[in-house]
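Here's a structure for you.
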Amino acid sequence: MGSQQTRIPVGIVGITGYTGMELLRLLLKHPVFELAAATSRQEQGKTIKDIFPQIQDQAAADLEITPPDPERLGDTCRLVFLAVPHGTAMDMAAKLLDRGLTVIDFSADFRLRSAEVYERWYATRHVQQHLLSEAIYGLSELNAEAIKQARLVANPGCYPTSILLGLYPAVSMELISSSSLIIDSKSGTSGAGRAAKLDMLFCEVYDNFKAYSLGRHRHTPEIEQELAGYAGGEVTVTFSPHLVPINRGILSTMYAHLSPEADPQSIREAYVQFAGEHSWIRIMPPGRLPQVKMVRGTMFCDIGLVVDERTGRLIVVSAIDNLCRGASGQALANANLACGLHASTGLDLSPLVP
Amino acid sequence: MGSQQTRIPVGIVGITGYTGMELLRLLLKHPVFELAAATSRQEQGKTIKDIFPQIQDQAAADLEITPPDPERLGDTCRLVFLAVPHGTAMDMAAKLLDRGLTVIDFSADFRLRSAEVYERWYATRHVQQHLLSEAIYGLSELNAEAIKQARLVANPGCYPTSILLGLYPAVSMELISSSSLIIDSKSGTSGAGRAAKLDMLFCEVYDNFKAYSLGRHRHTPEIEQELAGYAGGEVTVTFSPHLVPINRGILSTMYAHLSPEADPQSIREAYVQFAGEHSWIRIMPPGRLPQVKMVRGTMFCDIGLVVDERTGRLIVVSAIDNLCRGASGQALANANLACGLHASTGLDLSPLVP
Amino acid sequence: MGSQQTRIPVGIVGITGYTGMELLRLLLKHPVFELAAATSRQEQGKTIKDIFPQIQDQAAADLEITPPDPERLGDTCRLVFLAVPHGTAMDMAAKLLDRGLTVIDFSADFRLRSAEVYERWYATRHVQQHLLSEAIYGLSELNAEAIKQARLVANPGCYPTSILLGLYPAVSMELISSSSLIIDSKSGTSGAGRAAKLDMLFCEVYDNFKAYSLGRHRHTPEIEQELAGYAGGEVTVTFSPHLVPINRGILSTMYAHLSPEADPQSIREAYVQFAGEHSWIRIMPPGRLPQVKMVRGTMFCDIGLVVDERTGRLIVVSAIDNLCRGASGQALANANLACGLHASTGLDLSPLVP
Amino acid sequence: MGSQQTRIPVGIVGITGYTGMELLRLLLKHPVFELAAATSRQEQGKTIKDIFPQIQDQAAADLEITPPDPERLGDTCRLVFLAVPHGTAMDMAAKLLDRGLTVIDFSADFRLRSAEVYERWYATRHVQQHLLSEAIYGLSELNAEAIKQARLVANPGCYPTSILLGLYPAVSMELISSSSLIIDSKSGTSGAGRAAKLDMLFCEVYDNFKAYSLGRHRHTPEIEQELAGYAGGEVTVTFSPHLVPINRGILSTMYAHLSPEADPQSIREAYVQFAGEHSWIRIMPPGRLPQVKMVRGTMFCDIGLVVDERTGRLIVVSAIDNLCRGASGQALANANLACGLHASTGLDLSPLVP
């Protein structure tokens, strides 16, 4: 498979986190991309199989992990995935773009079009503001054409992915009042990253459930910016994240008042049409609701619809895998598009159940 | 301990479920109540230690499980806890009351004051409607005086317990608009009971997260009935339950528009005053939110408050243990009150962390 | 993919269990096999997407589930996977063989060569004893040549798979004393099947750990039979299964006295050679031990070796995914071989971590 | 309760770990001991409720955490629990003993009678060797008389507690061959402590199972030392720890050849007699095996017995809660004895199930 096709060399900057690990899982099965470089300051000098024993037997297992040197990445790669924290990503992105590479950035550094909003929510100076207008927000269902032309793709946040896909039909077709949005999201623990922090220890998370960052989570402006684009006007949301004691998965429960003209059938039709155009969107049949296990390890976004006639509200429930659909898989879809491949290349994934 | 005091004989009808099991845990340490009868149709003839090996060494271990015979219960008990399904409970309650016993009913049969509402939501004929006006809704913080006089206590549902305690100060003091309530609750799996159902198998629940019964959960009318009492007028809520892959715990995240006159300080003061009067209510300090592990195995209801000034909303987060505070512990508090004891007798419990 | 190749129609008898579900996951990505029939007594008349919402969008989603009729299976399939309980499987296998089909049987009905041993351990009459001599034990690393010729493959048990692969080099090369074997195995909960049983409820298994069936688990004679073949003489083992509160995975810790001539280096060499010949066997480097997450969803058997010089023992630790490697994936490898394909066709799987 | 009795002031050195947290849970319900000092270098200056929000409402909540100053501890406490790492503990113990306090040490520093063995297994110089002969090994069932006289109690390791209680009757009565012992133990994750380490993150442990430190775990010499005392001669064991993805609980599965004179009945009698003398030991009825959930949060050690007649082996399975019985609860029992109280004072605990 792919033997007739020239392989495209790609690099991962920041391979040791969960998103790097997931991207590696997907790249190793990709028919066109070939892992040519993997970097990590902490683990440099080791090979991939030293840090990820699960892939000791694969082609990439003996690849040496190097420090993140833009020069060297420029020499060996055509495209680079940046899986490093916000703040760090912006400079590296600029250097790689200067060397002619395509960059898919996992961080928030290029997601917000306003540097001022970025600096307020992230408490970080944006020192590459000239790139903001060029960066494409990489929600592949909605921005595919722009991504195909992009040099710099801002890969969406995991929560925003689950929320934007869940609300797009209702907001863009004005089936709900965009001023009344309440979003109650629940995420698996891999969303917190792979840093050794006390509150992410097994014994702190297991058999527990909690809310966090209510009213002040950094994904809020990203959600509002994109929804405003769909709505054609400013949108303010209440966004409440919660931590679920599982590894993967985000379930977002979203509430809004129905528009006067909306009825259960028109709502369902709008969503079914959206799903008809995008193979990773699946609308649950009436009476069924999504579950995170049904999308585990895949690119699917499963959406359930409930019209609560007693209160005049639409409740949308969406489920994604935060690491695959909400991060690394989506980055790979964006890389596919940016390299002229079909978005789904190497991403025809089935959930592991149970 | 308690040796000077006459022990009060009590019975449990329906001991094999999780609420029966939890009640047993608590009763075995109670200084006044003495387990005199335990019934189960399925397990009759066995002893308690046969079905609950964890208590093989305690005083009650050799008590024989009997069929649920009102006559016999009337002879041996002064008070009976009914831990059987709705529909079944109403007749047994009537028979036990006829024999002069006090009844603490775990089911929904006597929670709703309107038989018509009950019949609509539970799809069950109410054949003991004459008892509805007599039954006291057993939320011990709010109805203690009535419970002290009660023959029949309707023990609150687990979700309503977490929600009513979380909203009482805001609703009763008109700090929020009661017409805008959205309640997003998350419950551990023991809330689903101990019946052998496919969708409650370990492999179906583990590493999963889902919403269920959106807009149609049977606890909705109970929540609305009680909130209406606090608000002094009708209340309609959107109530969305979710299933968390843990054993115990409910976390409810509740959203409402702030009243024009409400401000962060007045809200906090109202809650702190409520907690000051009721030792099981604990208000988190500013910036902290509750976690279910902090209340595991206890009677506490931990409450966190977030005023989201961007959207003009109050977010209240409450956490309880659904089996203890939300069922068996609360039943025991009600039994204490109904028998002239202090509500907290035998209920001075500390959480097991981690 | 595979468009040039004629697709081979296959059937699954008993699709509703976890092994049926896993087989479906794998078959849907298989380049040659095509699901032509799926049966279940309970769910007949429904489609596959009705019972497995995770695959609502795939080609097989609309396939109707039928009752298990050998006639119809004979007409539509060339090979059938039998994922039904022991006792039931033997008759169905006989009928399908009569109709010229190849049968891969997941049950224990054809694993033991002695009908007498089968009847003693399974407390079931064997009514198809004439087939026992023909059935091939489907451990694909060791019996590939025979499986290629087989009409009837007895797919190994999940525990035996982890144990036999872990012990083969040591036993066959006489590096340990086969009379001293103690096997302490730990399995995820999907191994218990998908029947609605009280002791498999989430709340019974979660946050718990236990041993079961010590000294009398039915996989014992299967382990002893196969080890005896490797050892060239009778073998008796102590086999102790335990239940781990996770979905998938078996880890077996195996203890034996070292033979006088064995030393750490010769042992490692024997295992490394075994792994060199079989791509799904991976030997951990010195100082590393296997973990079930590193093999999740795959065909790998990861093996760790510890020579305990203080006690003169070899400790072998092996890890597999019980559903994939230990059941459905192995069945598919056997089907591949029996149909003239490479064993690994459609089975180039990577673990999902985390 | 206890109002007539003078309270005994005690201190905890190292309160921030899981054993400190568990000890606090137990001390807050203790009728005689009163928490007078709690130390932590990292958290000094905070109050207990700052670091453990679960106890914000209790008497001790406002106690200030201080640095570990022996002088100050000597002034305020009569007894101190040392919950600090080995190496650190030995000096602090010496200083506290010098000031006339009783010391219950959670570390390994005084468990091994031979300084040479300690230094070899722990790679740490023992600089308080003169205290080794004085220290009492605090397994309260077996050493109660000595503990009553002790100034310095070496609290047993969690694994050794589960193993020694499980093997004592068989070894001391020579029902098994002590030279053939294989011990396969499985521990919940709290046993690894509360340090922020990558491999203890939720996503690394959850849905996983592994063995670790095979043949070289530091509890090995402690197990062998104590078993040698029961056996009246040297004992060498194979000890294999495993990590279970749960918070609490150790289950040890222990294998040994039966002595010629042992038979199932004599074995059961020996264990039942042991349990008859010690109320925390519970022997499972024939055919039943222990589960960690049945002892969660308690002092019980549940023991199951299987005589495997096919292989001539005894299999003993024991279950304890590693934090309570295996650490803090046991320390409290030792403190009780050392202060002239009944061992079980404040330790009449019931398991939380589910």
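For reference, chains read A, B, C and D in written order, and residue numbers begin at 1 within each chain.
Everything that follows uses one rule, which is that a contact is a pair of C-beta atoms (placed from the backbone, for glycine too) under 8 Å apart; a residue touches a chain by one contact, two chains touch by 3 or more.
Note that the structure is predicted; figures quoted are calculated from it, not measured.
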Would you mind working out whether subunit C and subunit D touch using mostly the same residue numbers, over half shared, or mostly different ones? same
A CA-based fit of subunit B to subunit C gives a rotation angle in degrees, as a multiple of 5, equal to 180
Measuring between mean CA coordinates, which chain is farthest from subunit C? B
Cα centre of subunit B to Cα centre of subunit C, whole Å, reads 46
Chain centre separation in whole Å, for subunit B relative to subunit A (CA means): 40
When centres are defined as mean Cα positions, the distance from subunit A to subunit C in whole Å is 36
What are the residues of subunit B that contact at least two other chains? 18, 190, 203-204, 206-207, 245-247, 291, 293, 296, 354
Can you list the subunit C residues touching subunit A in their complex? 1, 18, 21, 25, 28-29, 52-58, 190, 207, 247-248, 279, 282, 284, 288, 291, 293-297, 300, 348, 350-354
In the complex, go through subunit A and note every residue touching subunit D. 18, 189-190, 194, 196-198, 200-207, 245-247
Looking at the complex, which residues from subunit A come into contact with subunit B? 182, 184, 186, 188, 203-204, 206-212, 214-215, 236-238, 240, 242, 244-247, 249, 251, 253, 255, 289-293, 296, 304, 306-308, 310-311, 313, 315, 317, 319, 354
